[in-house]
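Each of the next two complexes has chain A plus one more chain, namely chain B in the first and chain C in the second.
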Partner chain A sequence: MPYFFVGAATIYLILFTSIPLLRGFWFSFTDSLLLAPTEGKFVGFENYRRYLTDQSFYSSLWTTIVYTFVVVVGAVSLGVISAIAINEKLPGRAIFRSMLTVPWAVPGVSVVLIYNWIYNYDSGVANQAVRALGMGQKGWLIDPSLGMFSVAFASIWKVFPFIMLVVLAALQSVPEELREASKVDGADRFSAFKTVVIPHLMPTIRVASLLMTIWSIRRFEIIYLLTGGGPSGATNTIVINVYKQAFESSELGRAAALGILGLLLSLSVTIVYFAVDRKNAKRDSL
Partner chain B sequence: MSMNLPLDGNNAIAQLEGEMNILKNLLVKSLVLTSLVLTSLVVVAPQGSAADPKLNAACSKAGAKGQAGDVAFVCTKVGNKLVWKKAKNAAAAKPAAAAVKPSGTLNIAHWDFLAPKYGAEMQAVIKSYEKYNPNAKIETVGIVRAVYETKMKIQLSAKGGPDLFTIPDTFYPELARSNLLEPLDNVFSEATKKTMNESNKGGIWRGKQLAITWQVAPYAFFWNKDILEKAGVKPPTTAAELVAAAKTIKEKTGVTGFAVRSRLAEETPWWIDFNNWVVGFNGGWSDGEKLTIDSPQNIAAVTAYKAVYDSGGFSVGDDASTFRSKFGQGLVGMMIDATGALPAMIGEKVPSKSVGASKLPFPGKSTSQVGILFGINANSKNKALAKDFLNWFLIKDTQQAISEMIGNTSTVATETIVPAAFLLENPWAAAYKENGKSTRSSVPDGFESSTSEIRKEVLTQIEQVLLGKMTPAEALKKAQDNLS
Partner chain C sequence: MKKVSLTKILRWIFVFVLASFAIFPVYWMYNTSLTSVGGLFGGQNLIPRVKDSLQIFNVFFTEVPIWRWLRNSAVVALGTTISSLAMAVLAAYGLSRFRFFGKGLLGFSLFATQMLPEALLIVPMYALFMSLGLLNGFTGLVLANTAFVMPVAVWIIKSAMDGIPYEIEEAARVDGTPRLAVLTQIMMPLTAPSIAAASVILFFDGWNDFLFASTFITSSEKWLATVGLASFLGEFVTPLATVFSAALVFTIPAILFFLIMQRQIISGLTSGSVKG
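And now, the complex of A and B:
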């Protein structure tokens, strides 16, 4: 019976994940072109060698790491603060909850349209705001020094409600008797939060951060549609590079190799997470 | 097949190559078997159906009727032989010929089927082939322009895709090189070939006609007369005047002075747009044998482009959909854009008679072009039907209908007439029609299959010029060196 229950999921995973992954792995050792995928010749590690000796790959890798770091830190901070705020009994709480959840429900393409207008050089809200502050006009999507900030800001706006909802659920499961006990022990509001609530939230925040990290490493639509990897390569993450290699340059073999390198990055994050988690579990059991 | 990681390089490679050889042998065997089966089918099939009738070629049954392109034939006894002769009354022969027309369903893809103004009408024109050939069913497939090439590549690489599809001229070399287009050399009769204009030469690849023209859209320089009047500027005729006019419009009216594409996020359309500056300054990307990216003419073109970008009146950072919307709202003074774009911007706020147009304000006469070709998918299972469709597509009435629908100012596959009433209602159309006589493609001559590589490199360097990190001469030299 257990085999029956896991069977469907296993078949699904084999068909739609394992086989394409293995095929992609094979392509990464060939010089296949997108329009003739079966006619590629085996080239060994040539595709990997070209990337690992190319400075632009490391630039793209660094961009991916910076983008991921900024988005994860931003989204988790904003999500946790928002969750704590809307967990309080305040007037209009339901309205605030709904409003803060909206960005998560907005499709990525719509987010891009909204932010294209916000960042518009001549008439966008962002430039109207900085003009009002006497800071002139900023090229949010055309200035390489602002490109990463602009894209990361739009991404954080889109994804922070996920963290907020998850943390809110965790907050509401903090046992009331623990809070009461800390009060009886003389803890003030901040101490109770630090010693009771935060430890209770940490496992949830860790898992949510891991998911957010993996999603950020592989995020495509917001970045590609806002900047296409520009300006001047400022937002050219590995995923954007994979897309360009595969669908603009039609270099399927090279794109597959880059995809595998991106996969290794995601895997390394997951391995680090589980290593830390295991260490924490051991420490807690002592 | 096992998938060992090549830990021991040479052995693993040898092993993989061995496995590849086994696969190749199997593949060759199956191909030979398939060929044998197909050959036997062809031998068994009646000979009359194997090829289109040709004048004076042998036929098998007196009185039998056939059609090649738009010419009807009748199998006639001449002496002791039966040969194909032209039907005396072609018009009368057509309905009879329809009875022997190929049948099936044709999938036809084009991004313009989604065009807000004329997409539905265009689909209706294409579907009217069903009246010409009642055995056929047409299914139109609209694909968003921004992802058109990507979607087509994915479908074609999986041996799928529509039977017929439009092809941007910048995408055409890649498809032609990959043998994904059905040759059309024997599809059209001599009479039909005579009606096809020069633009169809764009569909010839290494001596073979692989596609015909769907549309060649020229560019023009156009402006909002009301805004220019308010700003007190005359329509510019030189690049220096353009810079001054853009600046004045912004200063005096507050709206954007001039708009064209300038972002790498719109790589392919920016490349086609930017070609206006290059050909307008009598430059070019190649001379047919070597790249000429850093030629003095091209440097002058980039310098002029940078000057207007920095004028203070340029639509910095706007993508095409944004500045086109702004023009339609009366918020942009001047633009350079292709003919298909302008009718979509004209409306209540900017009526047709408020738009003026001319040649580009550059030294040369030429403009860039949005070239759209039309071809048959080499993997199509309905090639005979698709070829019949193409013959119908080239009929005078079909071409005139297509031309009128897309705004009368583009070149289509054959010569068409622009209705006088249309020119009267849309004074800007005359400039497009005039510019259409000397358009130049953005595909580098002699380097067709390297278009995407050249495009990426050149635009990346031009972006550096716009950011003020390089001079035009430095940027173009770098592009030339990197590509050489």
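And now, the complex of A and C:
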């Protein structure tokens, strides 16, 4: 009986997720090309060996880690700060809350179009502002030392509302008695916040950070369309690299191997997360 | 008393600044969509001169085939919603109400799909769809998007069903009502807000899809709005006012639906993910 209900979804996931995943795994050991995916020859670990001995793989890995770190730290801090700031009553709160939610709903391609124009070298509003401050003109998307910042900034703008909304939901579930108790004890607002509210929020922030990390590792369109991995590889994350290997260089086998390496990165983050989470749970229960 | 109101004012200013930061790029799209070519260079006005605020809809009368793009996007979005929802509602009920062999594995797989980069799966999917003749068609896009977003819908709907007490459906089961009828006549109405939230997520996953649409679709007749809009990047023929009018017409439905449904979406996502 239960299989009747879960059957369709299970078969679907096997057909369109598991089998492609296994097939991708198989491709990673072949020299398949895009136009003739089934005619590749088995080459063993050759694709992996090439990446693991290639300096450019490590710089792409590093770029992925930096991008992920910056976006997660940026979005989580901004999201938590926004949630706390908007949690209490203030005039126009509903409107502010909606305004703060909007970026999350804006489709990725629209995010790219607008930030591409904001960052425009000659006429973008970013340079208009910077010029007004007397700091000259910046090549937001063309200067290799700024590319990562610009792409991360646009990404943080898009995703921080998710953290804000999740944390806001958790804040509203802080039991009133808990807060009351800390007030009776004579704790001032700030320390009550630190000792009562923050611990209550931590599980939520941890899970949201995990999701944010996984999503950042696999983020594609904002990076691909804003910089295409440039300038000079400054934003060339593994996912961008996989796509370019497959659809620009037509190297399906090599792309698959790189994709598997990227997946291992997500997987290890998740494993570390659950290990830490278990340890925390143990400590909390003692 | 005075001191309290001062911190209140400071907090209000702080929130105002945050909210302005959040809304500015969208406002800037709107501003640019009302600015003529001459007004774009050498300092765009912060407030557009043109008074006609509905000018963005002029984009429907330009060369840009925005109608066709939006229609194509809507077809893929609806297809993704319907196919995902049908499977997700059934699976959510199964996961919520039964114990069975493989349940843990299925639950884990649903989470694991969140880890898979589309850019990795798109390679074997491309090979698969090529052999099935599904490249350059909407069916392939619906199938691909469903694979990635259907698990999210299962997650949301299951957690809503977990919150419905057994007793409610047991009364009906005593009367001999079949399980499927219990699901459609009792459980679905009770979890309607979550199903609606899941639908919004599903619909806009299809609506926003760029990766699959740009990789699988080769003829410009079948471009989705995302691909059409992205084609403006790096071309300097279409006036920016037109580009951003098109982008706004494409963006506004997403903003409206997410704002209307934000409570349900968040409670669905959090109860699904935070509690395990």
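As a convention for this text, the second predicted complex is superposed on the first by the 277 of 286 C-alpha atoms of A that agree within 3 Å, B and C clash if a C-alpha of one lies under 4 Å from a C-alpha of the other, contacts with A are read in each partner's own complex, and residues count from 1 in each chain.
Quick note on the criterion: a contact is a pair of C-beta atoms (placed from the backbone, for glycine too) under 8 Å apart; a residue touches a chain by one contact, two chains touch by 3 or more.
Predicted, not measured: the structure shown is a model, and the values here were computed from it.
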Chain B and chain C placed together on chain A: clash or fit? clash
For A:F247 in the superposed arrangement: first (chain B), second (chain C), both or neither? both
Review point. After superposition on the shared chain, which partner residues are touched by A:L211: those of chain B (first), chain C (second), both, or neither?
Key: second
Which partner does A:F42 reach: the first (chain B), the second (chain C), both, or neither? first
Message: For A:V80 in the superposed arrangement: first (chain B), second (chain C), both or neither?
response: neither
Requested in this report: Considering only the touch criterion stated at the top, classify A:P231 as touching first (chain B), second (chain C), both, or neither.
Outcome: first
Chosen between chain B and chain C, the partner touching more chain A residues is C
* To do: Considering only the touch criterion stated at the top, classify A:L201 as touching first (chain B), second (chain C), both, or neither.
  => neither
Could you look at A:L146 and tell me whether it touches chain B, chain C, both or neither (first, second, both, neither)?
neither
Q.
I'd like to know which partner A:D122 touches here: chain B for first, chain C for second, both or neither.
A. both
Q.
Applying the document's definition of touch, where does A:F27 land relative to chain B and chain C: first, second, both, or neither?
A. second
Footprint intersection on chain A (chain B / chain C) at 34, 37, 116-117, 122, 225, 247
Per the touch rule, the chain A residues reaching chain C in their complex are 1-10, 12-13, 16-21, 23-24, 27, 34, 37-38, 81-82, 85-86, 88, 90-93, 95-96, 98-118, 122-123, 125, 128, 157, 161, 165-166, 168-170, 203-204, 207-208, 211, 214-215, 217-218, 220-221, 225, 239-240, 242-243, 246-247, 252, 255-256, 259-260, 262-263, 266-267, 270
Touching chain B in the complex, chain A uses residues 22, 25-26, 29, 33-37, 42, 44-45, 116-117, 119-122, 139-144, 224-232, 247-250
In the complex, the residues of chain C that touch chain A are 8, 11-12, 14-16, 18-23, 25-26, 28-29, 32, 40-44, 86-88, 90-91, 93-95, 97-100, 103, 106, 109-110, 113-128, 130-131, 143-144, 146-147, 150-151, 154, 179, 183, 204, 207-208, 210-211, 215, 225-226, 229-230, 232-233, 240, 243-244, 247, 250-251, 254-255, 257-259, 262, 266-267, 269-270, 273-274
The residues of chain B that touch chain A in their complex are 3, 6, 9, 13, 16-17, 20, 149-150, 153-154, 156-157, 174-175, 178, 180, 256, 263-267, 315-319, 322, 452-453, 456, 463-464, 466-467, 469
